[in-house]
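Input: structures, listed below.
Look at the two complexes coming up: subunit A is in both, with subunit B in one and subunit C in the other.
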Partner chain A sequence: MVSRAIIQELQAAAGKGAVTFSPEDLIVYSYDATMPEYRPDVVVFPQSTEQVAAIMRVANEHRLPVVPRGAGTNVSGGSLALEGGMILCLSRMNRILEIDRENLVAVVEPGVVNAELQAALAPLGLFYPPDPASMNVCTIGGNVAENSGGPRCLKYGVTKDYVLGLEVVLPTGEVIHTGGSVMKNCTGYDFTRLFVGSEGTLGVVTKITLRLLPLAEAKKTMLAVFDSVVDASSAVSAIIARGIIPTTLELMDRILLRCAEDFVHVGLPKDAGAVLLIEVDGFRESLDGQMRQIKAVCRANQARELRHARTSKEVDDLWLARRTVIGAVGRLEPNYGLQDVTVPRSKLPIIVEEIGDISAKYDLPIGVLAHAGDGNLHPIVLFDARRDGDLAKVHAAEKEICKAALALGGTLSGEHGIGLSKREYLPMEYGPIEMSLVARLRKVFDPNGILNPGKIVAGGIV
Partner chain B sequence: MTPVFNFAALRHETLCCNRCGFCQATCPSYKETKDESNAARGRIRLIRAVIDGELPITEGYIRRIEGCLYCLSCVSACPSGVRIDKIILAAREHYVSAKGLPWAKRLALRQVLPANGRISLASASLRIAQKTVLRLPGADRLVPKGIDVRHLPTTFRSLRRRLPALNTVSHPRGHVVFYAGCLVDYTMPAIGESLVRVLNRSGVEVALSRSAQCCGLPMLVAGDTEAGKLLARRNIALLAEMGGDAVVTACASCGHALKELYPYVFRGDPAMQAAAESLSARTFDISAFLVDQLGFRSGESGFLASSVTYHDPCHLLRGQGISAQPRLLLREIPGLEYREMAEAGQCCGAAGFFQALCPDLSTAVSNKKVKSIADSGAEYVASSCPACLQRIQGSLNLAGLRKKAVHVVQLLDRAGQGLNVVKTGQKL
Partner chain C sequence: MVSRAIIQELQAAAGKGAVTFSPEDLIVYSYDATMPEYRPDVVVFPQSTEQVAAIMRVANEHRLPVVPRGAGTNVSGGSLALEGGMILCLSRMNRILEIDRENLVAVVEPGVVNAELQAALAPLGLFYPPDPASMNVCTIGGNVAENSGGPRCLKYGVTKDYVLGLEVVLPTGEVIHTGGSVMKNCTGYDFTRLFVGSEGTLGVVTKITLRLLPLAEAKKTMLAVFDSVVDASSAVSAIIARGIIPTTLELMDRILLRCAEDFVHVGLPKDAGAVLLIEVDGFRESLDGQMRQIKAVCRANQARELRHARTSKEVDDLWLARRTVIGAVGRLEPNYGLQDVTVPRSKLPIIVEEIGDISAKYDLPIGVLAHAGDGNLHPIVLFDARRDGDLAKVHAAEKEICKAALALGGTLSGEHGIGLSKREYLPMEYGPIEMSLVARLRKVFDPNGILNPGKIVAGGIV
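Right, the complex of A and B next:
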C-alpha cells in the first residue's frame, strides 16, 4: 500500500489526473504480454521530463519501487510490478519532437509507437530500421529498454545501432544527457549503449535521438516452402555462409503456419514443414541477382516451392501473418512460453533439431519461429495453465532449450531481454563475477534499488 | 429474466486473450486515451476480475466497459480470434441486470425506441426545438459539446408517411422488403426515398415494412437484452409474414442486427434461432444487394460531376464483412471521381448513445475522421449508415467544412436523375 501522503506528493509532481490507484486501473496495469500478474499500488502517467524527475524524487525518498512501462507488450515480464509500488506509464509522452532531414536524425519521446514513427518518416523517404513484430503497438521507449530487434534487423542491425543519444531521469531524480545528433561519438564511456537494453533498471528514458536511413528504392519478397524445418534452417545457414545478407530471413514451422493461416487466410501452406519469409531490398537492378542466388540455395536444400509476392497486398499479407503469429497461437492453447535464444548462425539446424527432441521428450507442442538469419529463435511452448503439471513441464522444457543454446555458444536472449521470465537462467550464462558486476553497476545508478526491482537479477529495495 | 449470455462461462473466452496487446492499435478509445483499461485487453481482464469475484461491479468498471464503442475493430485485429464483442455484450447484460439502466437510457431504450409513435414525436419535437430554443443565444450550454444538435437530421414526416406500402413498377423483376430502421425512417427519410427510386428504376418493386420496429441493436449493445429480443421477435415475425425475395437495409447497424445479432441472441431456442437464421440469410445491405443480387452497374445509369470518398461503417465493414460493393458502385458512376481516404475503416465516433454519454471521446474520434475526409479532398463523403452520416455531417459542420455526407444510394439516385452538377453544400 502507498500512503495517502505519498499519493499527494505524486499528484503534486505529475498533476492530479495523472495519478490513479483505483482497483480497476491497478488490475489492468498488473500484466504485460507474459503470464504472471503483480498488482501495483499506484499508476502514474507523466507528460514531461520535469514530471518524471519530480516523480522519481518522491519515489526515491520513500523507497517506492518504480516500474517504467510503455504499451505493456513486454515478452520477458520486464514491465511487471513485481514488488508492487508504482507503474510509471510513459504512453502519454508520445510526441515526435523533431525529424531532422539534413542529419537523418529524429528526436522522439518514449511513448511514440514504433509504427507511428515509421508512418511519419515514410512520406519523407526515410525509415527507422528496428521493426519488432509488435511495431503497431509497442513504443520506442520500450524498444530502447529492451534493445528490440525485428525481422529486418538481419541486414540493418538492432535498436542499439540506431540510438544516438538519450535524455534519462536517474532513479535519484537527476536528469542526464548522453550522446547527441552526431554520427560518431567517442567522448568518454558510451552511456547511451549502457542504457539501451537495460530493461528499465538504470534510469527512465525521456527523450531519444534516433539515426534514420533512407528507404530502399525497391524490395522483393518471397516465401520458400520446405517439407522439414531442418531443411529450412539448413537453407538459412547456407545462405549466410554464401555471404548473402537478405533484409529478412524469417522461419515459421508447421504449428505456427497453421495458427497464422487460421487468422489471416492468405493461403499459407498448412501442410508444409516450415517456410522462410525472405525479403531483399536495395537498388532495383540488384534485387533479381540476389534473389536468384537465394533461390538456388533454397532449391539445393530441398525447398519444394518458391512463391513470389506479386502485389503489395501479397507482401502485406505475408507480413501480417508473421507479425501476428505469436498472438495467433492462442487459437491452439490459451498460454505460451516464448523463448528468445540466439545461436551462431551456422548452428541453426542443430538447435532446431534439439528443440524438436525437447518437444517430444516433454510431450509439449513447441512452435519454432525464428529471425533465422540472425540465429535468433523464438521457440513457443504451447500449454494450458489450467492443466495440472503443464506449467512444471514447460519450465523444464524451457530450461533445456536455454541449456542447448548456451552449449552451442549461444545466448539466452536475442531481443526480448531477461526481465523476470529468464532471470533464473541468467547464472547459466553469467559467472559469479558477472552476476556481482550487475548488482554493483545497478547500485551506482540506483543506490536505493527502487527502479524495476527484481528484474534481470533478484533483489529489491535497499 | 433468463440471460442470453452465460456470464460465468465466458471465463474461458477471457482466458483466450493471451495479452499480446495488438488491440491497442485499432481501439479508437485506447488511441485517444492511451489508457490500458480502454483497450480490449484491459476490458477483458476487468471482466474476468468480475467473473472471479476479484472486483465487484463498480461504477468505474461500468464506465470502462461502456467506453467500448462496439466498433468491432479489436475483433478483426485479434490474432487469437477472441470474440471481444460477445464478451462485452455479456458483461453489459450482466451489470445491467444487476444494477439496472441509468434513467436516460431506460427512457430511450424502454419508452421511446420500442414505440414508433414516440420516436416520431421525439424527432418532431427536436425539430421544433431546432427552430426555436436551440437558436437562442446560449443554447450551446443545453447540448453536448462537439455534437451539432442544431442540425441533427429530424423530420415531421417519416418515411412511412411519405411513401406507400408498396412502391411498384410495371413488370417487376423482383419484390423486396425495405427494412428502413428508425434513423432512416424518422430522421433521414430522403435516404429511403432514394433507395426506393434506385430499386424501382432497376425494375424491382419495394414494400415498406410499415409496422416494423426498431431493430433492437441499441438495447442489445446497451445490455438490455430482454428489450432487444422482444423487438427482434416482432421484426422476425413481421418480415417472415411480408415475404418477398429479400429484405434490404440502408443502415449498417440494423443490417448487423438482422444478419448477425438475431441468430446469436436466440441461441438455445431452436425455433426462434431457425427463424432468425432464415431472416439473416435473406437480408442484404443495399449496396451488396444491388451489386451481388441485381448485377446493378452504376456506369449504365446516369452521370454526376463531382468527387467522393467513402467511409466504412463499423457495422458494415466488420459487422457484415462488406467493403467492396459500395466502392464499386461509387467508382462506376460516370463523372464521379473516387478518392479513397486514409483509415476509411476507422470508427466515426458516433456509436449510438456513446456520443451522448462520452461526448469528448466521441468528438476526438470523430475529428480524426473529419481530417481523413478533408485530406481526401473529395466533395462528398458517402457511407452506408445513417448514424455515421449524422455524426460525420455534424463534425464537418462544426469544423466549418462545406462538405456533404450522403448515403451511397443518394448518389446513385442523384446520378440516375441525370442532374449533372451538384454544388457542394446544396441540399441533396
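Right, the complex of A and C next:
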C-alpha cells in the first residue's frame, strides 16, 4: 500500500490527473503480455523529463518500487509490478521530437509507438530497422529497455545498433545524457548501450536519439515450402554459410502454419512441414541474383515449392500471417508459453529436433517460430491452464528448451530479455562472478534497488 | 620500483622468460603512438588466460598498476604506464583460435594483428569490417579496447558492432565470459559492449568472438577532386542526405594531399583544395547506379574532376596514399598532434571552416583528414617541438577544436578514445553525474584501481 501522503507527493510531482490508484485502473496495469498478474499500488503518467525526475525523487525517498512501462507488450514479465509500488507509464511521452533527414537521425520520447515512427519516416524515404512483431503497438522506450529485434534484424541488426544517445532519469532523480547525434563515439564508457536492454532496471529513459537508414529501393519476397522443419532449418544455415544475408529468414512449422492459415486464409500450405519467409532488399538490380542463389540452396535442401509473392497484396498476406501467428495459436489451445532462445545458426536443425523430442516427452504441442537467420527461436508451447498439471509441464519443457540452447552454445534470450520469466535460469548461463557483477553494477545506478525490483535477478528494495 | 619479491611472483605466474625489467626493454615499452613517455617498472608477456589471471592476482595484491598493451599504436596515450608499474603486453597471445565459416564467426586471442586476421579470412570469402589505418600492425585486442573504426566503418560499423563475446580477466584475477557466438543476445546486462572501448580500464581481454561478413562481390573506387575543402565536405553531407551510404567517404585537404603525393607519387592533385576517396561495394550490378548518383552530387557541389580508379593498382595507390598520410606529414614539420572528434555529418563544412580559423589564429598548419561520411575528423596539427611555444599553441589549438566539435553537437572522440590525451576535456562533455558514474562503474570491476590508472579520468591506485 502506498500512503495518502506519498500519493499527494506524486500528484505534486506529476499533476493530479497523472496519478491513479482506483482499483479498476490498477487491474488494467497489473499484467503485460506475459502470464502472471501483480497489482501495482499506483500508476503515474508523466509528461516530461522534469516530472519523471520529481517522481523518482519521491519514490527513492520512500523506497517505493518503480516499474517503467510502455505499451505492456513485454513477454518476459518486465513490466509487472512484482512488489507492488508504482507503474511509471510513459505512454503520454509520445512525441517525435525531431527527424533530421540530413543526418539520418530521429529524436523521440519513449512512448512513441514503433509503427508511428515508421509511418512518419516512410514518406521521407527513411526507416528505423528494428521491427518487433508487436510493432503496431509497442513503444520505442520498451524496445530500448528490451533491446528488441524483429524479422529484418537479420540484415540490419537490433535496437542496440540504432540507439545513438539517451536521456535517462536515474532512480535517484538525477538526469544524465549519454551518446549524442554522432555516428561514431568513443568518449568514456558506453552507457548508451548499457542502458539498452537493461530491462528498466538502471534508469528511466526519457529521450532517445536513433540512427535511421534510407529505405531500400526494392525488395522481393518468397515463401519456400519444405516437408520437414529440419530441412527448412538446414536451408537457413546453408544460405548464410553461402555468404548471403537476406533481409529476413523467418521459419514457421506445421503447427503454426495450420493456425495461421485457419486465421488469415491466405493460402499457406497446411500440409507442409515448415516454410521459410524469405525477403531480400536493396538496389533493384541486385535482387534477382540473390534470389537465384537462395532458391538453389533451398532446392538443394529439399524445398518442395518456391512461391514468389507477385503483388504487394501477396507480400502483405504473408507478413500478416507471420505477424499474427502468435495470437492465432489460440485456435488450438487457450494458453501458450512463448519462448525465446538463440543458438549458433548451424545448430538450428539440431535444436529443432530437440524441441520435437521435448514436445513428445511432455505431450505438449510446441510450435516452432524462428527468426531463423539469426538462430533466434520462439518455440510456442501450447497448453490449457485449467488442465491439471499442464502448467508444471510447460515450465519443465521451457526449462529443457533453455538447457538445450545453452548446451549448443546458445543464449537464454535473443530479444525478449530475462525479466521475471527467466531469472531463475540466469545462473545456468552466468557464473557466480558474472551474477555478482550484475548486482554490483545495478547498485551503481540504483543504490536503493527501487527500479524494477526482482527483474533479471531476484531481490528487491535495499 | 617493483621489488625483487614481486618480480619473482610475476615470474612464477608467467614464466621467467615472460618477465623483463632491463632498462633497454623498459625504454621500448615507455611510449606508444602518442607523444609522452613514461617508464614502466616491468613488462610481462603472458601466453594464456591462466597466466594473465595469475599475474593480475599478484598485481592486485601488491597494488601494482597494470597497463594492458597490444602493438602500442594507441594515439590517446592508452598504453602508457603513467604511474609506472607493469606493462602487460599481450602480443604473444596471438592465435586465431577458430574461423567458423558456417556461422560467420571467428575466435581470436587479443594479440592477433588485424591484417593477419583479414589475410586468413579473405581466401574464405570473408572479412572483418573494422579497418583502422594501422591495421597492418595493430592488434584486435587493442581494437577492442579502443572500439577502433576505420574508413569502411561508414557502411559497416565499428569494432563494437562486431564483437559478440569476450573472455575477460578482471583486475582481481577472476575470469568472466560475456556474450557468445550468437547473433542476438539479450541475456543480462551487455558487459560485452561495456568492455569494448573501455580503454583497458575494466579488465584484460583474453579471448574475443567476432562476427564476420561475406566479402562483397565487387567494389568501385573514385577520387573526387574539389577546389575547396568546404565544397568537399558539403558534398559528403549531401551524398548521405540523398540516402546513399558508400563504403568509404574519406577526405584529405590540400596540406595532406601535398604531403601524401610527395611521399607516394601516385598522381594526387597537389593544387586541389581537397579530395574525397569514395568507394562503394556490394553486388556487381548495384555499383554503377550508386556511383552515378554520387557523381551527380559531387558535381552539384563543384567537384572539378571525378577520377575512376580503373585498375587494382590505381585503387591500391589511392589507399596507400590515404593510409600513409599521417606519417607523410613528417615532410612538413617534425611533430604532429593527431586529433579525433566527430560532429553530425551536416556540420562538416562548418567545423572545417572553424579549423581553418583555429589554424590561422595559432599560426600552425592543420591538415584535415576525415572519415567524412561518419563526421569523424582527424585534424593533424603540425609543429616543431623544439620551437619555443609550439607545444603550448598545439595544446590550445587542440582544445579549441574539441570545443568547436562539442558546440556543434559532436563528441570528443570518434575512434581514438579519451586515454590520457583528453581526460582533462572529458568534463566539457560529461556532467558531474556522468563523471561520477564513470568512477563508480570502474570501481565495480577494479576495486583497487590498478588497471590503467589515470586513463579516461585522473586518479590512481586506491
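Everything below uses one rule, namely that the second predicted complex is superposed on the first by the 462 of 462 C-alpha atoms of A that agree within 3 Å, B and C clash if a C-alpha of one lies under 4 Å from a C-alpha of the other, contacts with A are read in each partner's own complex, and residues count from 1 in each chain.
Keep in mind that, in the parts below, contacts are C-beta pairs under 8 Å (C-beta built on N, C-alpha and C of every residue); 3 or more make two chains touch, one makes a residue touch a chain.
Just so it is clear, the model here is predicted, and its values are computed rather than measured.
Engineer: In the superposition on subunit A, see if there is space for subunit B and subunit C together, and answer fit or clash.
Structural biologist: fit
Engineer: Looking at A:125, would you say it contacts subunit B, subunit C, both, or neither? Reply first, second, both or neither.
Structural biologist: The answer is second: A:125 touches subunit C but not subunit B.
Engineer: Quick one: is A:73 in contact with subunit B, with subunit C, with both, or with neither? Answer first, second, both or neither.
Structural biologist: First partner only.
Engineer: Between subunit C and subunit B, which one touches more residues of subunit A when both complexes sit on the common chain A?
Structural biologist: Comparing subunit B with subunit C, the partner touching more subunit A residues is C.
Engineer: Look at A:146 in the shared chain and tell me whether it touches subunit B only, subunit C only, both, or neither; answer first, second, both or neither.
Structural biologist: Second partner only, subunit C.
Engineer: Could you look at A:31 and tell me whether it touches subunit B, subunit C, both or neither (first, second, both, neither)?
Structural biologist: first
Engineer: For A:286 in the superposed arrangement: first (subunit B), second (subunit C), both or neither?
Structural biologist: In the superposed model, A:286 contacts subunit C only, not subunit B.
Engineer: With the two structures laid over each other on chain A, which partner does A:326 touch: subunit B (first), subunit C (second), both, or neither?
Structural biologist: Only subunit B is touched by A:326; subunit C is not.
Engineer: In the overlaid three-chain picture, which partner chain does A:413 touch, first (subunit B) or second (subunit C), both, or neither?
Structural biologist: Only subunit C; A:413 stays clear of subunit B.
Engineer: Tell me, in angstrom, the smallest C-alpha to C-alpha distance between subunit B and subunit C in the overlaid model?
Structural biologist: The answer for the closest subunit B-subunit C C-alpha pair is 20 Å.
Engineer: Across the two complexes, find the residues of subunit A that touch subunit B and also touch subunit C.
Structural biologist: No residue of subunit A touches both subunit B and subunit C.
Engineer: Okay, in this complex, where on subunit C does subunit A touch?
Structural biologist: My answer: residues 100-105, 125-126, 146-147, 149, 153-154, 157-158, 160-161, 170, 174-191, 193-194, 196-198, 213-215, 237, 240-241, 243-245, 282-283, 285-286, 289-290, 340, 342-346, 371, 374-376, 409-418, 426, 429-431, 433-434, 437-438, 440-441, 444-445, 456.
Engineer: Within their complex, state which residues of subunit A touch subunit B.
Structural biologist: Touching subunit B: residues 22-25, 27-29, 31-34, 45, 71-73, 89, 91-92, 94, 111, 113, 115, 134, 136-138, 262-263, 324-331, 334-336, 386 of subunit A.
Engineer: In their complex, what parts of subunit B are in touch with subunit A?
Structural biologist: So the residues of subunit B in touch with subunit A come to 15-22, 24-25, 34, 36-37, 41-42, 45-46, 49, 54-55, 58, 60-61, 64, 78-82.
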